[in-house]
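What follows is a set of structures to go through.
In what follows, subunit A forms one complex with subunit B and a second complex with subunit C.
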Partner chain A sequence: MLYTALSTLSSHWRRRPGQFLMLALGLALATALWSGVQAINTEARAAYDRAAATLGQDQLSRLERADGRPVPIAEFIALRQAGYLVSPVISGELRDSNGRLRILGTDPLTAPMEAQTPALGSEFDLLDFFTAPGLLLVTQDTANGDLPAGLPPLRIADGIPPAAAITDISPAARLLGPSDPSYLLVAPPQPFGLPPIDTATDLTLRPPEGGNDIARLTDSFHLNLTAFGLLSFAVGLFIVNAAIGLAFEQRRATVRTLRALGAPLRTVLTALSLELLIIALIAGLIGIVLGYIIAAALMPGVAGTLRGLYGADIEGVLQFDPIWAMSALAITLLGASAAAIQALIQTARMPLLAPALPRAWAQASGRTIRWQALAAATLFATSLALAVFGTGLVMAFATLAALLLGAALALPAVFTATLKLIRPKNAFAEWIVADTRQQIPGLSLALMALLLALSANIGVSTMVGSFRVTFLGWLDQRLASELYVTARTPEEAAALMAALEPDVDAILPMVSFQTRLYDRPADIFGIVEHPTYAAGWPLLSSAENPWQTLAAGEGALVNEQTARRENLSIGDSLPVAGGLPIVGIYSDYGNPNGQAILSLNRLLETYPGTQSRRFAIRVDPDRAPELATRLRDEFGLPTDGVINQAQVKAFSVDVFEQTFRVTGALNVLTLGVAGIALLTSFLTLANLRLPQLAPLWAIGTSRAALARIEMFRSLALAALTFALALPTGLLLAWILLAFVNVEAFGWRLPMRLFPAEWFNLFALALLAAALAALAPTHRLARKAPARHTRNFAQAR
Partner chain B sequence: MLRQILLALTLATSAHAQGFAGLGTDAPGFAQPQPNPTFTFPADHGPHPNYRIEWWYLTATLQGPDGTDYGAQWTLFRSALAPETANGWEAPQLFMGHAGLTTPTDHFSAERLARGGTGQAGVTADPFAARIDDWHMTSIATTGDAYDALHLTARGDTFAYDLQLTAQGPLVFHGDNGFSVKSAEGQASYYYSQPFYTVTGQLDLPTGPVQVAGTAWLDREWSSQPLSDNQQGWDWFSLQFPDGARMMAFGLRQTDGSTFTSGTWIDPDGTEHPFGDGVLEMTPTTITDVDGRQIPTGWRLDWPERGLAIVTVAVNPNSCINTSFPFWYGPIRFSVCHDGIGYLEMTGYE
Partner chain C sequence: MAGNLLHINDVHKAFGDVRVLGGVSLRLDAGETVALTGESGSGKSTLLHLAGGLDRPETGTITVQGTDISTQDDATRAETRRASVGLIFQQFNLVPSLSVAANIALQARMAGRHDADFAGSLAERLGLADLLSRYPEQLSGGQQQRVAIARALAGRPALILADEPTGNLDEETGDTVLSLLLDLVAETGAGLLMVTHSPRLAERLSRRIHLSRGQLA
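Let's turn to the complex of A and B:
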């Protein structure tokens, strides 16, 4: 019996392969976008965890200096001689024109078990590992990548983060310069009878890093991706819902016949569920393959973004994870069930002998629309409350979600209300309006999908556009110097500065070091007094005469992200150089870390031994190329030792473009999915509406005129959806700029409007609606008159 | 990697030793022990960085107030990757400290590793001090030889000890005036001992501190190729007889199943009577399964010419060190013709 029911029901798909394709496509797309995003997130998070677990950092406490500077080797020896088990690590980054590599130098002789370096393949390597020039342990991918020149021999080993090398501490000291450890790892069990280690040293004891810096920084990025994935999944489910609803309507008669022939309800429902399960499984598998392809295609972009924006290294390749595939399949089944539940309930409730009444479905919707409007109002209120009272990134996204969902649910009510306002003079036009209103329940899901896709598009493009305009303007101001020079040694830098002094307008040394500020990584810069800064550095807020106070060594500037994170304002004391009042807060887009600026003299007094190899040159722009050539030829600087302004800008813009490439790609995909949802809904309605169109044809309206009206109506609905999407999208952009970015990146951007882009998107929405309506209207125009007459013959 | 380092530093079996920089085969650049040595003190109490391997090895047989037997062991190994010294992180000279404490029921041990250029570990001859981290063996002698009085400390996860040692006799030179042959192929080392220490001090055990007294034996040995290719491991005895005589004996087990034996009989006044291969018969009598390894913890030693026949029994057969490197050492008692106490160290049992 079940087999008979199943084969009878599924014969429907054989007759309408297009519909089957739609259903499968919807499910596959939803699965693909969601699982693709999940794959990217999982991969990146795993990379952070691997990085965090390197040398047992996730399990071992460490000792470091409060100011973040290296720990003198004598402190290490003193602790060891007092009996404490501590192990030194020298870490840093090597960078030149060929590439870059993070170096982690450990002391395997003292390292606790958790921080032991991977075993070397042959024991002969041990000698090479400990004696000059040493060995660098890297993964195969790192070895194949772009690396700086002049490295010791490489050995391939597993379990090492990307773009990083683990080596003995002696080659690390040789390669990186300072021979003092960056920090000391603390073995969990300390020997018998010693007082606690924090009583034995002035160094700061930091507990193991539960959530590492990188994971914390990139959280917002992954939440962004997840939000997009979820949006795509939701839009995909609209397609599935529409396709299943269509199939349900078309199979009403079949179901009734089956029941009348004696098939029990349970068998019919089981057959329907089974059929759905099989389709969902097939579509889910296709979706997983698609998702993997999407993720693999986006991965290099994501890797580039994470590196450019956060300095987080992940591999640009994707591993296949069976657990990921299983969870994606489970999500597909869950989504398909959610989309089908309405159809199944209706089948269960369908009276056995009552005639199929498709109209009843549509007519019952008046109440639904009111209910949806109420839900929308509640969601808007929630969104507003969250925006006013909520804090944190998740809250910001919840605000967004409530806003979007509210806008979608409000759509049918807004459309119905709008149509009620239109009171045409002639009867035919009145019929068009009334008929359109009557179709809204059937189309509303697809229109909601379109609304979501359009709003997201407007919101994200407004945010990206605002970012771009602000960022580029800021770069122009900030990168005022004509040339940026990096010498090979601090001594060479000093010699170069002395030699260039008479020939150029000004030389601005760039002295900086890395430290921690408010327990986060930060850079401290020292600058000399020069009008370049006062003219070029955009300060968001400042005390009186900030640059003079700074030059006198009596104040410090801090970047916006630090000020926002720590709730700092002008006059507050900043814990650098023994505490300095904040005299200005400046924008510092694209920098995930804290930053502070003080006068060069103050920096050198407080942190003696800080050396710099970099400086900037102010010179007549026309003379810059000639000077660059001279620096390379006369002083023998390598090509990348002299960089002009344009190169720095190009690099920065490139980082920026990378950042939003992924967002853009997801945006386009979402819009595509919405278009397909619209097409499916039009197809469903086209069949349902024949009985309503037949009388019009009978009283003299030509088939072509009917088709034109259908097309016009589709376009009008798309236009109306866009009109609703525009304010929603702008509100979305505002929330992104004013809340999400502040929470995620620590900076706030002014919002800019881009009407030209709206026009493009409007055209795109109309095009999507026209394409979606093309097939059904074309069919309508060509429909044999006999089909229309049959409507009357079958009148029930 | 730690295990690889340990294997390299502790002279392992010859299979490992060969693997690591060819220890046991050629040693280019390193100095080689030569026959008829002349030692200069205190300089020779200090390190010899031109030789590949060297140790300061002290074993003590101790008794608590209630007569309980204890054993303490303290070793500083020096292992050179190259015949040179350096300052800072450069590491041609590596040090490994090893401390053990044996009770009739427990065996505690700890190890420390360090590179020689940072000051974390090292040995100075005058004043004599051998250190790694907070462990040290320091001369407290005011007159005479630097080794006449020593202060010794070590600390592990669950134990610590602090001992004072006073020598009751002279230094003893093994083999040919301190040139000790290790194989028929001619592998040799410089080797002398101070076997006449009396000891007092304190052991800190998980159960609390114990005051102890007893005797101790210090070995000094350095070489560049101490093992021949076909030698797997060794069994080493230091024995004290009731009349004050001492005996050092070792057997180097060879891949063909034979054993190369050698040692020194020491009269109570310190007079040495070295003996070569084949004089002493060493026969395992008790095999103990220690963590899956079959270790001969009881031995029978026969020296017919001297009328010596003794059977040794380990105070605690489970004295394998609990770290990654297989090593057995611990205090023993012996009886039959002679009664006495001593120390046994064994390695190379897989």
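Let's turn to the complex of A and C:
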């Protein structure tokens, strides 16, 4: 009997394949966007874990200098002589115009067991590893990527982080320049009887990187992606809910008949649940495949974003993970159940002897709309409270969620209230308004989906646009110098400066070194006094005469993200160069690390041995190209040794564009899903509305006129939805800029408005509505009169 | 009680404050055809629904083939209906997504008594043989009513309950349909309780009872 009930109920889909397609598509798209995002997150996190496990960093403590500079080799020797089991590692990055590669030089002879990567087994000749020119162990993906020139032979090995190579310490030192070890790995069991290692040295003992810095740093990005995935999933579920709700209404009579013919309610409910399970499984599997394709397509963009924003390297290639696929399937089933629960409850409660006439689906009563309005008001209040009192990224996203959900729930009430305000003069217009009001409950789910997608689009594009304008303006100011020159050696740098001195307006050395500030990676820059800085570096806040104080070596500037993270303000002491008061805070968009600026003299005094090989040149912009050519010709500098301002800006803009490509793609996909939701609703309502339109046709309205009215109504509803989405989207953008950005990246951006983009989106919303309404309208216009008369024949 | 197919005893039913049936009793034996007449709102359809186990009386008992269905729960009444009752509705209540053939076989399949040959012969007798692959929306009202009759008979139920089965048909088609129904009922040995407004049609059945203001006249 279950089979008969199931096949009877599911025959509905055979007769309405388009409706089935919409349901399956809604579920598949929801699954695809959600699971695609999850696949990206899983892959990235796995990459972080692999990176953290390199050379046993997740298990081994390490000794390093508190200021982040290399560990003197003498210190290493002294510890070894004292009997401590430590092993040196040289770490650094090689970068040229061809590409970049992180080098990890290890000493296999002293390395603890945990630091012996599987690659250092017997798969290749160890002699090649130890002797010149050495070997670089890299993954196949890294080997296939863009690498710097002049590398030793590569050997493919597993377990190496992306864009990184493991080699012996000698080739590492040759490649990165003569250097002391970056840090020392400490074997967990030290010889018995020795005092604790941290008492035997001035070096700082850092515990294993169990938590993984990069994973923590990139949490905000992944949360961002997850939020987007969740939004897409929710929008997809609107389609599912609409399709299931419609099918329920259309099958109301069938369910009654089945029960009247002797099918128990339990059997009917089981059949409906089984049917949903089967559809969800099929759609879920399609969604997983689609999700994988989406994730694989977005992965290179994500890799670019993570590298651009956080300096985190992940492979740009997606691996298939069965656990991810299973969890995606589980979320599809949960989502489908959530979307269907209302229909199932209604079926269970439906009296056997209820009238069999199909009603408009999901016909919300005025009371429901009032409840929705009340819930919307509560959510708006919650959002406001969270914005004022909440802290942290999760709270920021909760603020966003409450705002979006509130706006969606408020939509039917706003529509109904707006329509009540319209008082048409003639009977026909009066009918249009009344009929539109009657349609609101049926269309509200799809319009809510459209509202969510439009708001998200306005919000995210306003944020990205604000970021873009601010970032480009900031680049123009920060990259004020006409040329940037990098010498190959300090001696060449000195020769270049001497040669350039008479011909240029100014030479501004760019001296920097990497260190740790507040226990995070940071760059310290030393600069000379020059009007370029005072004029070109906008400070977010400053003490009096900051640049003069800086030049005198009596103060330091710090970037916004460090200041926000550590709650620093002007006058606070910054732990660099023995402690300097902060005289200014500057924006430093896109940099995940800490940064501080002090006078060049103070830097060289505090950190002697810091060498300068890079400098910026101020020169008449018209003379810059000629000077660049001269430097390349006279000094044989490589192409990337002399870079003009335009090149740097182009590179930075490229990084920027790549950073937001993923967001843009998800934005478009979400809007597409909302368009499908709208199409589903219009298509299904068109069928149910025939009995309402037939009387209009009968009293003298042509089918074409009815079709025109339907089209006009669709456009008007889309326009009204946009009108509500605009303020919601702008609020969303404000929350993103004022809260989420600050929590996620550490800097705040001014909000800019882009009316031209709103207009484009408005046109797109109208187009989506027009396309969605086109098919039903066309069908209505061509509907045979017999279909209309049938409505009268069956009316009793 | 041999031959006693349906026994309704002192049944009362009200919807809110509106009393619809006030102590109705009747008997229907196997092979008997009974016409239930009465003015609109007299409780005819309610009585038919109670006899089919679609609803429960407030007081009184209803037995179908000796089983008291008035105290059965929903699932058990559904089982009784499936096994013993064939329902013919005024609105046909065909499943729009099933073909004519599948509609005819629906209840018989659910009862586990589907006989393809018998269903085929019913379709033949009712003039539906050429329409088996069509869908309800492609049929006229008379054709739909004939499908509904075939569905009610295909499982060879002991009791046929018909609610104005010709109410939506013109006189000629109505006569034809009723003749077929009566022939088939006679052949299967089932009992028929049929609600009708038409005295002319009622006369064609073996017995006629009249319901007025919730009581048998």
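The criterion applied here is as follows: the second predicted complex is superposed on the first by the 780 of 796 C-alpha atoms of A that agree within 3 Å, B and C clash if a C-alpha of one lies under 4 Å from a C-alpha of the other, contacts with A are read in each partner's own complex, and residues count from 1 in each chain.
In the analysis below, a residue touches a chain if its C-beta (ideal position, glycine included) is under 8 Å from a C-beta of that chain, and two chains touch if they have at least 3 such contacts.
These numbers were taken from a predicted model, which means no experiment stands behind them.
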| item | value |
| --- | --- |
| Partner chain(s) touched by A:L261 [first = subunit B, second = subunit C, both, neither] | second |
| First (subunit B), second (subunit C), both or neither touched by A:S179 | first |
| Which superposed partner A:R370 touches (first subunit B, second subunit C, both, neither) | neither |
| Which of subunit B and subunit C A:T4 touches, first, second, both or neither | second |
| Subunit A residues touched by each partner, larger count belonging to subunit B or subunit C | B |
| Touching partner for A:H12 - first (subunit B), second (subunit C), both, neither | second |
| Subunit B versus subunit C as contact partner of A:D107, first or second or both or neither | first |
| Overlap of the subunit B and subunit C footprints on subunit A, listed as residue numbers | none |
| Partner subunit A, residues of subunit B touching it in the complex | 1-5, 7-8, 16, 19-21, 81-82, 88-92, 94, 110, 113-115, 118-120, 131, 133-134, 155-160, 204 |
| Complex contact set, residues of subunit C against subunit A | 49, 52, 54-55, 74-75, 78-83, 85, 87, 89, 91, 93-98, 102, 106-107, 109-112, 135, 141, 151 |
| Touching residues on subunit A, where the partner in the complex is subunit B | 73, 76-77, 80-83, 107-111, 113, 116-120, 122-124, 126-127, 130-132, 168-170, 173, 179, 189, 191-194 |
| Subunit C-facing residues of subunit A, complex | 1, 4-5, 8, 11-12, 14-16, 253-254, 256-266, 352-353, 356, 793, 796 |
